[in-house]
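Got a structure for you, written out below as structure tokens; questions coming shortly.
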Amino acid sequence: MKNKKNLFENSIHAIFLILGLITVASVILISLYLIFAGLPAISKIGLKEFLFGSEWASTREDPKFGILPFILTSVYGTSGAIVIGVPIGFFTAVYLAKEARPAVKRVTISAVNLLAGIPSVVYGLVGMLVLVPAIRKAFGIPDGAGLLAAILVLTVMILPSIIKVSLTSLEAVPKEYEDGSLALGASPTETYFRISVPAAKSGITASIVLGVGRGIGEAMAVMMVSGNAPNMPALFRSVRFLTTAVASEMSYSSGLQRQALFSIALVLFLFIMMINAILNYFMKKDKVD
Amino acid sequence: MNVFSIENMNLWYGESHALKDINLDIEEKSITALIGPSGCGKSTFIKSLNRMNDLIPNVKIEGNIKYKGHDIYSPDVDVNELRREIGMVFQKPNPFPMSIYDNVAYGPRTHGIRSKAMLDEIVEKSLQNAAIWDEVKDRLKKSALGLSGGQQQRLCIARALAVEPRVLLMDEPTSALDPISTAKVEELAVELKNNYSIIMVTHNMQQAARISDYTAFFFLGELIEMSNTDLLFSKPSDKRTEDYITGRFG
Amino acid sequence: MGNSDFSARRKAYIYTMRFLMIASSVITCVISFSIIIYVLFKGLPNISWELLSSKPSYISEKIGILPDIVNTLYIVLATLIIVIPLGVGAAIYLTEYAKSKRLTSIIEYAAETLSGIPSILYGLVGMLIFCQFLGMKTSLIAGSMTLAMMNLPTIMRTTQESLRTVPMSYREGAFGLGAGKWRVIRTVVLPCSIDGIITGCILTIGRILGESAALLFTAGFAHELNGLVKGLQSSGASLTVALYVYAKEQGEFEVAFAIAAILIILTLIINFIARALGNYFKNRGSN
């Protein structure tokens, strides 16, 4: 009787252990697949040629597989979005955490939640039909699709992450810190920026890193507004990101070209793992602070 | 007859030696009160008697704890059966977030009773035995969380009685209650001892003096002395017991 | 006191900061609301019963999005059915069973890593594992499995959070009555944390509805109308993928906007439900 019960409880324990380990298994599986799918092309093309080659012509008779344009586009594109998005997100977060009246806060937070919920293809669509023509007209260029349009779309898409994570961190700052500063005669606004913000700096940094991750990983919206030509990045030039390089040729690729796409995915994956590690560091630090 | 006899019991939480060399017998169908200052080990002790300490990591127990002559820590003991026979009432009333009826029926259902008629009977009898039937009989299907603290505690006693235990362990059952509810629970305990053996941890020496037959005094993890309640309160044999019951510390 | 130069500088600082805060918040709100209003304005007039209730036909040159709606529904259903047991189970393991701190932190780190991986990579790996290695071909079920892997951390985290709020005393009470561990979990702990599980499901539904990159290579582009079983085995476009195809490849912007409007409305509904549920559970918790 007792043995039967023990067997039952032990089997259930084992089942939950297996379910618990599925996340770990998934991470291992994803890593292994990306590594094994990504290495062959790199070894054929040569690491240096692959990473630092500035020409990508995968379907030419004499194909070239240099992904430097994609790497630089992803880096520039994400940096651009961070440069514009972080200040907006940061000031919004401070305002929401400390100054905004409850009604204003509620409305603004639902606006942020809506931004976070809009599917990326919808961003892409609006970008294609509003932003791209606007850029074309404003700067008098033949096609508005390019790096600038992608940066602007990414800026909007990373805003919610930045605002939400910073907000959580700012709201967790103990009120005593602020009271101390107010009691010394500092105004509320000075207190927020000189006391609360430094106290929440790990969380705010984490929000920026999270934004970088989102920006580097976004594919669909960027694909719809960036023009997709494998050029070296320039603000008004049609460009291709690491993500869109994978997506745009996958459906008709074969042979070495297809393997090279997997290698691009591997490079992207390594970028993301690095960002995750940094993110994790700041998130942990924020909890400890 | 003894329900429990404990020999040379030692208990460690990780490194800290929480109970030291406890030797103690507990008489059947009586109330045994465990008193002593906070952190003296009395709660830890009572939780060893139905192996609730198993839930805490890093607990190590040595020695013999015999329930009706059988070592409860021996490998062939079914913990769930043991806990059915040795019921427990906790410091803070902890009814489940279910109806009053489902709270009381939880134990019997756990042990395999499915028949509606039988459950109805058990629920009614248990609530009557816990002296709360009249207060709740018209709202058995309402949430137990709507009851007052005192009612919740008596419901928890009913819940414990529903599995027909032999022993009731009560871990400071009135510490979260107001004086009127406390009196009701005390009255109930005295009534219950006709059929059950009750072991009660209490912070309140008047309570121990009022209702218990035997009292054991714990201090810094040791059992200082145990005797007939009247004797212990009138003629304590140890200086520390005397200091404690006369309010010199704790 | 009295140092007017200093106080002027202070004032300038305060005004600048206040201006920046308010301006940023206004920008955020304006962007959000104008995108939504713009999409609804452009999309709603294009939603017709015919569009919603038919499938595309090259012969009569008309476009209908019924298959895409149905596919989306299938994907949502299949993903939830796969991901809920996995995510809830993992959360139960972590909060109720796991004793080793090391293992717990490894699992949690894995979950965080999963939630950081971009969806295009999920699409790629899903294609390699489910479509090719496991032989499911490009199909809705392969897409759903990919999305399940992607949403595992969400369900796991929300469930874990609400399992943690179940008072220890409930567990003690049930153990004290002689209930076995699984019975305690099933009858006391899980019912108390149902709110977290539901919240996780709502968040997941929202993410599935908006997902496209992970489905591109796993679920495909077809616009066929199928029953559930056949549908799961065959390729099909979700609403988002259909939007992409109509906008980018076919230049059918009216249809694209109609789909975008539908997606926005669904997003609004999901946000509303999430908030309403959050309030409901909070109120119930305080009673």
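For clarity, chains are labelled A, B and C in written order, and residue numbers in each chain start from 1.
Keep in mind that, in the parts below, contacts are C-beta pairs under 8 Å (C-beta built on N, C-alpha and C of every residue); 3 or more make two chains touch, one makes a residue touch a chain.
This is a predicted model, so every value here is computed, not measured.
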{"item": "Centroid comparison with subunit A (C-alpha atoms), farthest chain", "value": "B"}
{"item": "Innermost chain, taking as reference the mean of every protein Cα atom displayed", "value": "C"}
{"item": "Whole-Å gap separating subunit B and subunit C, where each centre is the average of the chain's CA atoms", "value": "48"}
{"item": "Chain centre separation (subunit A, subunit B; CA means) in Å", "value": "56"}
{"item": "Where subunit A and subunit C are represented by their mean Cα positions, the distance between them in whole Å", "value": "16"}
{"item": "Of all residues in subunit C, the ones touching two or more other chains", "value": "180"}
{"item": "Numbers and ranges of subunit B residues touching at least 2 other chains", "value": "80-81"}
{"item": "Where subunit A touches two or more other chains, by residue", "value": "5"}
{"item": "Subunit A-touching residues of subunit C, taken from the complex the two chains share", "value": "10, 13-14, 17-18, 20-25, 27-29, 31-33, 35-36, 38-39, 85-86, 89-90, 92-94, 96-98, 103, 106-107, 109-114, 116-125, 128-129, 149, 152-153, 156, 180-182, 206, 209-213, 216-217, 240-241, 243-244, 247-248, 253, 256-257, 260, 263-264, 267-268, 270-271, 275"}
{"item": "Subunit A - residues contacting subunit C, complex", "value": "5, 8-9, 12-13, 15-17, 19-24, 26-27, 29-30, 33-34, 37, 87-92, 94-96, 99-100, 104, 107-108, 110-115, 117-126, 128-130, 156, 159, 163, 187, 189-190, 192-193, 213, 216-220, 223-224, 243, 246-247, 250-251, 262, 265, 268-269, 272-273, 275-276, 279-280"}
{"item": "Footprint of subunit C on subunit B - complex, ascending", "value": "50, 52, 55, 57, 79-84, 87-88, 90, 92, 94-98, 106-107, 110-111, 145, 156, 159-160, 163"}
{"item": "Of subunit C, residues touching subunit B in the complex", "value": "99, 167, 169-180, 183, 187-188, 191-192, 287"}
